[in-house]
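Before anything else, here is the set of structures, which you'll find just below.
Consider the two complexes below, in which chain A is the common component and chain B and chain C are the respective partners.
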Partner chain A sequence: MIAATQGHRLMALLSVRDLSVAFETRDGLVRAVNDVTFSLDAGKVLALLGESGSGKSVTLRAILGLHPAVRTRVSGEVLLKGRDVNRLDEAARERLRGGVVSMVFQEPMTALDPVYTIGEQIVETLVQHRGLDRRGASRRARELLDLVQVPSPERCLASYPHEISGGMRQRAMIAIALACDPELLLADEPTTALDVTVQAQILWLLRDLQQRLGLAVIFVTHDLGVAAEIADAAAVMYAGRIVEQAPIRDLFRRPAHPYTEGLMQATVRRGQKGRALVPIPGAPPNLIALPAGCAFAPRCPRAYDACLATLPSFHPVAAGHAARCHLVA
Partner chain B sequence: MAITTTLPRELDAVAGAPMSYWRTVGWRLARDPATLAAGAVLVLIALSALLAPWLAPYDPNAGSIRLRLAFVGAPAHLLGTDEQGRDMLSRLLWGGRMTLVAGLTPVLVAFVLGTGLGVLAGYVGGLTNTLVMRTMDIFYAFPAVLLAIAISGALGPGLPNTLISLSIVFVPRVVRVAESATVQVKGLEYIAAARASGAGVGAIVRHHLLANVLGPILVFASTQVSLSIILAAGLSFLGLGVTPPAAEWGLMLNALRQSIYVNAVVPALPGVAIFVTSMAFNLLSDGLRDAMEIRA
Partner chain C sequence: MSPGNGAPPLLEVRGLRKHFPLRGGVFQRTHAWVRAVDGVSFDVYPTETLGIVGESGCGKSTLARLILRLIEPDAGTVRFGGEDVRAATPPRMKRLRRDMQLVFQDPYASLNPRLTIEDAVAFSLIVHGTPRAEARDRARALLGRVGLDPRLYGRRYAHELSGGQRQRVNIARALVLDPKLLVLDEPVSALDKSVQAQVLNLLQDLKAERALTYVFISHDLNVIEYVSGRVLVMYLGEVVETGTADALAQSPKHPYTQALFASAPSLDPDHRMERPPLAGDPPNPIDPPSGCRFRTRCAFAMPRCAQAPPTLLAVGARHEVACYLYEAEATVAAPAC
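Let's look at the complex of A and B:
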């Protein structure tokens, strides 16, 4: 069993182990991510679920090694194709970014530079990383816009970010992220800032690209429906910890952690009509002073003494399905 | 994919290719009458200063005792003569050269140095920021006029010293603007996005930071030109700038000030020239600021 997991880890494209990120602030140490462990194989999609402030985006940025060195404490391993991102120097990280792993941001308006056209931004990335000449890069930029299904690529290439619609901007953002053929795409709530109809288009586009290019994707979202559409597996985060990890169908069929259950009851689903949504009472804990036991215990309807006293470890629910909950044990 | 639709080609043609940023700025400037007028005035002033050796009817430094303080419109002297009988038109044309050099050079120097220091302080942050910005604050603590007078007084009169002292006055102002713009842009997501796609520090500063920061700094610097012209003229007026007999508007104003009861119009001419030039620069920078506010 142990040998099998180790063998699996060797094969994995990305393997994160005991990743913790803490920020030093005036008020104290903010523990944004705590002992996060997961791995992702090439060509698979992992959904990182959780509410705002649960550490999803911080985890993504740690995978890219984007956190500044000052006032940020990063520990643990982020093995990307067997190399630990945290131990690499900045030059080696720059080679990984874009080439092996790249990122799509939540708000394409702010993630695109306002003074350059979409074309210039794609070409710049290609010239820098691929060493292409301007003409070759322009041709490739055009191909990329075709790939992300922009209706009139020439016009989009010549446009500034403020001149095109939100959906087009996000397509352009995806085109830039795919410019250097990455193997892993980090998508940080790529549909949240968009209209509902456009959300669906972008989601289908990402799923289609993922399958055609064999991309591995980590898809950060707080939308369970989105996760169900696109992911193979899901990890639910709460207060900087992964509290449940499972194949996506398993998670929806048999949520084991009370927090996951709560999330599902608070989401509109098919057949919902006539039944009220059940919100989770209370608010997430302060990340400066995390409780000693389970972070969800103060809000948990089924918490008992042990939940407040000791931090639960992962308990298996089924094959590939585990939850950090005393109730499961 | 059921959702993909291809737009007909004609739609592209109808909508037309979008204009580039600087073309849009230029287009907006061209539709603003006040800015156009200010620009035209400045072009005229610059041309007349540039072509002074050919345009000036007389040697600006050759006077005639018999023809002192001739009135505007006097025969052979269109704008009259000064207290030494020198032709005012010639002296105003030549004086424009000095005044423009003394007004523009310090701002240009401050633009280059200030942008460099400000971007460095803003991007690196930490101790570097503290060192640079607190040093600038020391200079900034003095009123501009006082600082210029103090430095010029210490260095002695003359054009080069005027340029040095005025540059010292303007560098801290530009650094402040550059630093705050850099800090603001540095925290924006497209900088993080550029890093996420593997851009190094050099590429980020050159491509993304400077391109976004230069606009506001340029607008700020253009507002300082009029102040610089007035300060340069002021230093000459006090005898700390350009030295006689060279023609410079501030110096001319000072020399003619004593003749104001004899001939009121001629002594006012250099003042009018200073006023018109600095006003034109102010209007131009206002127009520039409005025209560059495109992204929203």
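Let's look at the complex of A and C:
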């Protein structure tokens, strides 16, 4: 499933090795993603969990090669079906996008084009990427809306994005993402902007589609609850690094990294009334001046000298479960 | 709603209504009305926390603004400490505003970027006639209390702070006039989980220290259950259920409240959601369904639900629900409101 430190296996659909992304800004070099390594097999769901600024969305965009070359430094390998995304020319990357990998964004209102109907946008995708004629593409567009369970597909096809509800827009965006039968779906907080009753529907839909179509999914989220609903495994990110990787049940039962543990304790759950919450003190570090040791050490209740001095490497906790923490060693 | 410990309510809201006109065309004619808040009544007793929960478009933020008279209602009354807020003259209103303060969701948009945070907190004291030097001292003391060392942070600007720190500034600013009531509109929704817990703990501590009364608005049911004594569940501008946080968590009555609880992720990979509890999105508040506004998404909808809206009926001690399913078991003795 997820190979943490053991290196990537040959047959993985996606294999990311030592991925680093840094942005040049006026204030200095922002080290958004640092030496991220993970792999994902076909048909599996990985949650990239983290708070704002942890590097989860930047990682996701790097998989598609979406970061503009200007003032961005990308290093490391992103092997998608054995081919390094960072070494392909733009034309070859364009073929990967849509056909092999596609993306669903948090805000469907900004990701969809406001001046075209939903139908036109799906048809356009099919004509461009699949070379279908307009009639064939229209028929397929209708099928796709059925697939994402839009109740009245004809009306949705004829609607502009602003004319339909947030949940419907998100379904339409998923339909576009699925238009070219991708093997890997990258989902960037696709339910965060939605109401909780609608979030439940979209999560359920994504899980259903994932299983029926055998999709591999990377699901970026800040929400532990969402990860618990959808993922087979999770990678927890902090200050641009993966600090823990585990099968999802292991992560919830035996969080090994103090940050993961802190996050679980800080999350308000049902039936917690009357008990004080246990927050993580302090705030995440500045990505321009990352500390030498473990980036979480200044907030960690169990940090000792070594944590401040040297960066911990991954230590195995159980099968497929590893944490970047000196305490685990 | 039934009284708490015999003390009169601090805040009484009766039949509050606000419809916003939608204008269009060359003559800016009103062609539709957004029925944001429609006949909402409730009481808030001293030192309690009333949670208001609902999805986008349910009118919870409009309600917050109506309580503080930041916008004028179309109908209904708001009484604060027995005084009719709508009838207050401008000088009287200024006095009332000291006692009722609002904390907004977006901690950045609600801070003046040109003021240091010390000045931002001192500002309302100065407006209310406190000498500058004293205002600054009190502002600095309060910044210290909310966890921002004034020597380190006092002279900084909002953009130099993190989201959690900004929300602490907003809380300090709301408290500087020693209010009795704090209306908190999604105060932790924009914050990361680890920071959210810090701010929630701070709010709970401040409430106990200063005997504050909170109206706490959130879309997050877990947060609402955690902070509130009583909860008001809103759907499309109306109250559908109200009761103690415990009663609602243990036996939610209204099909909408039930769905809201069932939709929240379980945080347990072994207990995943079997099916989504509700289909469809909340309807547009511009043209809400007739009768019970929830009926279009309700699994138990009957023909009569479309005919007339159900009124709030008592189904237990301090527990009321607006749903025809509970007519039979409604307790007759308990008066509404």
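Everything that follows uses one rule, which is that the second predicted complex is superposed on the first by the 317 of 329 C-alpha atoms of A that agree within 3 Å, B and C clash if a C-alpha of one lies under 4 Å from a C-alpha of the other, contacts with A are read in each partner's own complex, and residues count from 1 in each chain.
What we mean here is this: a contact is a pair of C-beta atoms (placed from the backbone, for glycine too) under 8 Å apart; a residue touches a chain by one contact, two chains touch by 3 or more.
In this text the structure is predicted, and so the values were computed from the model without any measurement.
Colleague: Following the overlay on chain A, give me a clash-or-fit verdict for chain B and chain C.
Modeller: Overlaying the two complexes on chain A (C-alpha atoms) leaves chain C and chain B fitting together cleanly.
Colleague: In the superposed arrangement, which partner chain does A:Gly225 touch: chain B (first), chain C (second), both, or neither?
Modeller: After superposition on chain A, A:Gly225 lies in contact with chain C alone.
Colleague: Classify the contacts of A:Val127 with the two partner chains as first (chain B alone), second (chain C alone), both, or neither.
Modeller: Neither: A:Val127 stays clear of chain B and chain C.
Colleague: Using the superposition on chain A described above, determine whether A:Glu163 touches chain B (first), chain C (second), both, or neither.
Modeller: Touch partner of A:Glu163: chain B, not chain C.
Colleague: Return first, second, both or neither, reflecting whether A:Leu290 touches chain B, chain C, both chains, or no partner chain.
Modeller: Neither partner.
Colleague: With the two complexes superposed on chain A, say which partner A:Leu263 touches: chain B (first), chain C (second), both, or neither.
Modeller: Only chain C is touched by A:Leu263; chain B is not.
Colleague: Quick check on the superposed pair: does A:Pro114 touch chain B, chain C, both, or neither? Answer first, second, both or neither.
Modeller: Touch status of A:Pro114: first partner only.
Colleague: Contacts for A:Leu327 in the overlay, against chain B (first) and chain C (second): which applies, first, second, both or neither?
Modeller: Neither partner.
Colleague: In the overlay, answer first, second, both or neither for which of chain B and chain C A:Pro151 touches.
Modeller: Touch partners of A:Pro151: chain B and chain C.
Colleague: Look at the superposition and give the distance in whole angstrom between the closest pair of CA atoms, one from chain B and one from chain C.
Modeller: Taking the overlay as described at the top, chain B lies 5 Å from chain C at its nearest C-alpha.
Colleague: Which chain A residues are contacted by chain C in one complex and by chain B in the other?
Modeller: 151, 200-201, 204
Colleague: Enumerate the contact residues on chain C facing chain A in the complex.
Modeller: It is residues 55-56, 162-165, 192-198, 200-201, 204, 219-223, 225-226, 245-246, 249, 259-260, 262-270, 272-273, 275-282 of chain C that touch chain A.
Colleague: For a test of understanding, state which residues of chain A touch chain C in their complex under the given definition.
Modeller: Residues of chain A touching chain C: 51-52, 151, 165-168, 195-201, 203-204, 222-226, 228-229, 231, 248-249, 252, 262-263, 265-273, 276-281, 283.
Colleague: Which positions of chain A touch chain B when the two form their complex?
Modeller: Where chain A meets chain B, its residues are 61, 64, 66, 70, 90-91, 94-99, 102-103, 105, 107, 110-117, 124-125, 128-129, 149, 151-152, 154-155, 158-160, 162-163, 173, 176-177, 179-180, 186, 200-201, 204-205, 208.
Colleague: Within their complex, state which residues of chain B touch chain A.
Modeller: Going through chain B, the ones touching chain A are 1, 3-7, 11-12, 15, 17-18, 20-21, 126, 188-190, 192-200, 203, 207-208, 211-212, 215, 294-296.
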